[in-house]
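My questions will all concern the structure given below.
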Amino acid sequence: MIIVLKDADKKTIELISKEIEAKGLTPHVSKGKERTIIGAIGDERLLDIEHLKSLPGVEKVVPILAPYKLASREFHPEDTVIKVNGVEVGGEQLAIIAGPCTVESEEQLIEIAHAVKEAGASILRGSAFKPRTSPYSFQGIGEEGLKILRKAKQETGLSIETEVMDTRQVEMVTKYVDILRIGARNMQNFDLLKEVGKVNKPVLLKNGIASTMKEFLMAAEYIMSEGNKQVILCNRGVRSYESELRFPILSGLTSLLKQKTHLPVIVDPSHSTGNRSLIIPVSRAAIAEGADGLIVEVHSCPEKALCDGAQQLTPQEFAKMMAEIKRVAAAIGRKV
Amino acid sequence: MIIVLKDADKKTIELISKEIEAKGLTPHVSKGKERTIIGAIGDERLLDIEHLKSLPGVEKVVPILAPYKLASREFHPEDTVIKVNGVEVGGEQLAIIAGPCTVESEEQLIEIAHAVKEAGASILRGSAFKPRTSPYSFQGIGEEGLKILRKAKQETGLSIETEVMDTRQVEMVTKYVDILRIGARNMQNFDLLKEVGKVNKPVLLKNGIASTMKEFLMAAEYIMSEGNKQVILCNRGVRSYESELRFPILSGLTSLLKQKTHLPVIVDPSHSTGNRSLIIPVSRAAIAEGADGLIVEVHSCPEKALCDGAQQLTPQEFAKMMAEIKRVAAAIGRKV
Amino acid sequence: MIIVLKDADKKTIELISKEIEAKGLTPHVSKGKERTIIGAIGDERLLDIEHLKSLPGVEKVVPILAPYKLASREFHPEDTVIKVNGVEVGGEQLAIIAGPCTVESEEQLIEIAHAVKEAGASILRGSAFKPRTSPYSFQGIGEEGLKILRKAKQETGLSIETEVMDTRQVEMVTKYVDILRIGARNMQNFDLLKEVGKVNKPVLLKNGIASTMKEFLMAAEYIMSEGNKQVILCNRGVRSYESELRFPILSGLTSLLKQKTHLPVIVDPSHSTGNRSLIIPVSRAAIAEGADGLIVEVHSCPEKALCDGAQQLTPQEFAKMMAEIKRVAAAIGRKV
Amino acid sequence: MIIVLKDADKKTIELISKEIEAKGLTPHVSKGKERTIIGAIGDERLLDIEHLKSLPGVEKVVPILAPYKLASREFHPEDTVIKVNGVEVGGEQLAIIAGPCTVESEEQLIEIAHAVKEAGASILRGSAFKPRTSPYSFQGIGEEGLKILRKAKQETGLSIETEVMDTRQVEMVTKYVDILRIGARNMQNFDLLKEVGKVNKPVLLKNGIASTMKEFLMAAEYIMSEGNKQVILCNRGVRSYESELRFPILSGLTSLLKQKTHLPVIVDPSHSTGNRSLIIPVSRAAIAEGADGLIVEVHSCPEKALCDGAQQLTPQEFAKMMAEIKRVAAAIGRKV
């Protein structure tokens, strides 16, 4: 960590140097005409950056090392490959998670489950508990939805994934599904992160819509620090001022995440674009850039005209997407 | 609500018109050369915007009315004034909430409580549960902190306010304090919003760092729709690309909130700026614009040099701030 | 265009209706309980949105049609393919523009020109006039650089492209090069846009770092409205709060641009990422999503260790990039 | 400047140290287990940060000093007070610049000029050249408008201010007006900045809608480095994702600018809010925070109902604004 001082007298420099030494690090002082710089050499995660900033004479504190450890590639250089039943997430093969936004009924889910399986998906998604911006919107069917998911698993052999929103749901949800999802709005719901950190099942963690990469990895660190190392990061895009796109994926972020962390990184083109016509091109881009998989919303419906959500692909469109990303994956040496 | 159609045939127009009628609204169709517009006249909150967007031929859906109701000024034209013990929030008198970031010890809290009371604060803040970006940072002292807050209240007569982070804490926290705070990271923790919506105590709700005004008011609506109408909005700023400011308050947002909602709106200059030298000017600006109060971090400490956080005012600085905002408040016809 | 009125009396509605009729459009009035909606059917580009917003009783004005015309795909459904000497931009074949950030010397440029040509580039880039954030930074070598570009063209047969920053340079720059570049900072330098709009050479227009898609297309419209229809759009990314990425490309924007406009769209991975390790993955993503080409910075240097800019690829790295995007292009049915 | 190295061998450290010494600075090397830090002590403006970033082994380069000099308060500690005829900008008295968006006619401008003078404005604004997002919108009346401005000055004694958009206009505009305005879109039109830097009249420089504070001050530095030290900064707000506000002023930025630079800082509430109902509260906030003045759009019109732009105050509203900010100014020890 680097501490930049302005108009610092000898006493202040000594004081700060002692604080650094007390934590087991070594201070290196460089005095310039306009500023004095103290480099704190050692494990800087032991220093409290907010405290240092508040000391007299301190103008700026610049961290040098990443604040996360368990999630960092420096600490764990090899890729983490997470196994969900027979399926690997983070390996050569891409993990495709697909299914409806919400579990509506047994008939609906099982029909979609068969369809996405046939097109090549290996994990079935579906929300039983739904975070909605409005309290007046449909909030999901709850435990009944979890039972339907389990049934779909039995029928198709697909692994199943669903969202958990509240610490009080973690135990129940864990009983039913293979992967627990933490949604964007809960990326810094720290009590929830700790709770899923105690579970022995993989967690799919979405970034918050305005979180930085560091905050995202710190959220993963929360889960990992409780013992659960099976974290799948999901890049679902961020808020921008471009009103024609919903939550655009930042191109380059998936690659950068893969440099900084050993955890698998998948992309969510459905919630990112919110626009059926963009899901396939954004999926191709995600795979070409290096994502380890996708989580995609797929919905089938007898009265097709009336029920396709703007961000849900039909099974036919999903099959087309799978065919296209298969070719892109092959072009970069991966498999679907 | 306005539905814009492109290349829409008669059948589609009829289909959508029937959907609108089924919800009790009246469709008005305007056919142009390039687009057809259907205006849905009536209570548009009954329509599902996502569903409409997904219908064939629909290019755009534009809501006309606000999605929130209980929180809206149209529904409730008079200002809501919330009473916390003897203190009013949202009336002519400004509500000043002050205290340390975190409850550290009885001695610390009571000393600060006396200091902020003397300078004119009416409510004492202090976190017992602390959301921290890093799992390795200090997370607060928990229930012990709530007991200390209660003691400070007994000693000083100040009302007390603290953060609640987890649905499982709501019952306990409610027993101890006068105002429950929902932090920025939990603005869309919907289960938590519902839980504090069942409580009979005021809730101070901070906006998320990238939330829109509508999302902020919808979060208030969540609380209110469960029965608790005592919501104090706290404008704490948003993430921007200006790295020299932490979470700047958007000038104009407080005024706009006051136009759209009857709920009181206060400002948090401490978390917004994260910079002691900006807290007083930003506080003056907030009051001049029309905020109903402030929530400010104040910390005192025997070894002053070493313990003032970068965003916490000393009692002396807080007293200076109070003197300055008193003059600004008077200039716009309000009192501190 | 849709005009939403609140508390509008009959007189106001008539007044606005007459204004709409005066411009040759037809007003359709829908009266609701809370709001009145007037749909203006016809060529809404004739209406002044700011004026309408300012009328009494008007709460909101919502445009329905795009504000650009010449640039829109509705006006010109087929893809525009721009021919630069023998090279096509916007066709099946991808256009690869490569070269150094700045023209430094004849030796430097010609060496790089040969290298990028060999690896498959068809157009050579190089700035003679350089916009720099600091007045104290190197500002380019001016006309001398244009002469060197022309020499490189003669030696290699590559077409050449360079930036024009000032209306007074347009005539001179046009004499030397095949494509004029308008940089991000000048996307709304309207006098410059008009001036290059009078030139009979293609213009490569970069988006501003915080421009919306609409503003970007309106800047193209400025050029086209002066007569020059040969505009190549360059998606170079936008400012975000993710400090680990420089100006990230928003995934989906290239596809959306291709839906809205007939103009070719290329991507600039160098200025977007500012980070050598991200240029190749971001390029692959751009091609997979559907970009018509790339503009990439390439630099060679005898003392390699000391001269590679963080965002410039070496010729070896560029050749690797070309090999990778060739495979991705093939996967989506295009050629490099 | 601090250079952070990863896996750096002795040779690299020596190489970088020599580069630093060659520029007259002193390198201080601190070797840690995971990183090596080189502090470059001296005038770091002489170092090329982009070059340093590109050197092998360099992970990060952190500037310590501000990149601007002439504009910095460190270089020039006292407030700069700019005199425009008899009026001071940057002194105890606030400078109020008011007038119509655009000069439309002699009658219009002179009527408004008298009105704003009476209410207490000291400088008259009015655009003769207008940057418009659409090429089809009214672009101003050109030199004719400048003549009308001069006439208004003769009639009222007000100083006059107008926008200059193109290097080719600078000479002409300078002849007519007292203050040259550089609009947000041209903040990084470097040739234009250089051109107004050669003029002996004050320049009002608006920040770009997505510029950082550093970029804003570097734009001022461009003007100053050409010799013109009379720069008035205008904080006109930035783009945010809050669609209910146009270009919100970031609360705290005016104060921070006043800490970093000696130049006067005024605020533009009209373009920032674009909403008449917010202009007065945002103006009060600007003054309370510490702005040195305002630039406000005022328009009068016989057929009032039809001509008030959404962001232009009527003379009556302007008079009300002046009365309110007078009280706020007094509360913080300043005068209007």
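Which chain is which? They are A, B, C and D, in the order written, and residues in each are numbered from 1.
As a convention for this text, a contact is a pair of C-beta atoms (placed from the backbone, for glycine too) under 8 Å apart; a residue touches a chain by one contact, two chains touch by 3 or more.
Just so it is clear, the structure is predicted and the values come from calculations on it, not from any experiment.
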| query | Higher C-beta contact count, A-D or B-D? | reply | B-D
| Most widely separated chain from chain C, with each centre as the mean of CA atoms | B
| field | Centre-of-Cα separation between chain D and chain B, whole angstrom | value | 32
| said: On a C-alpha centroid basis, what's the spacing between chain C and chain D, in Å? | reply: 27
| note | Chain-centre distance (mean CA atoms) for chain A and chain D, in whole Å, is 40
| remark: Expected list for chain C, residues touching two or more other chains, is 210, 239-241, 243
| request: Show which residues of chain B lie in contact with chain C when the two form their complex. | output: 2, 4, 28, 30-35, 37, 39, 41-42, 60, 62, 64-65, 74, 239-241, 243
| remark: Per the touch rule above, chain B residues touching chain D in the complex are 210, 212-214, 237-238, 240-245, 248-256, 259, 272-273, 275, 277-278, 281-282, 284-290, 324, 327-328, 330-332
| query | Where on chain C does chain D make contact in their complex? | reply | 15, 45, 48, 50-51, 53-56, 67, 131-137, 165-168, 185-186, 188-192, 194, 208-210, 215, 218, 221-222, 225-226, 239, 305-310, 312
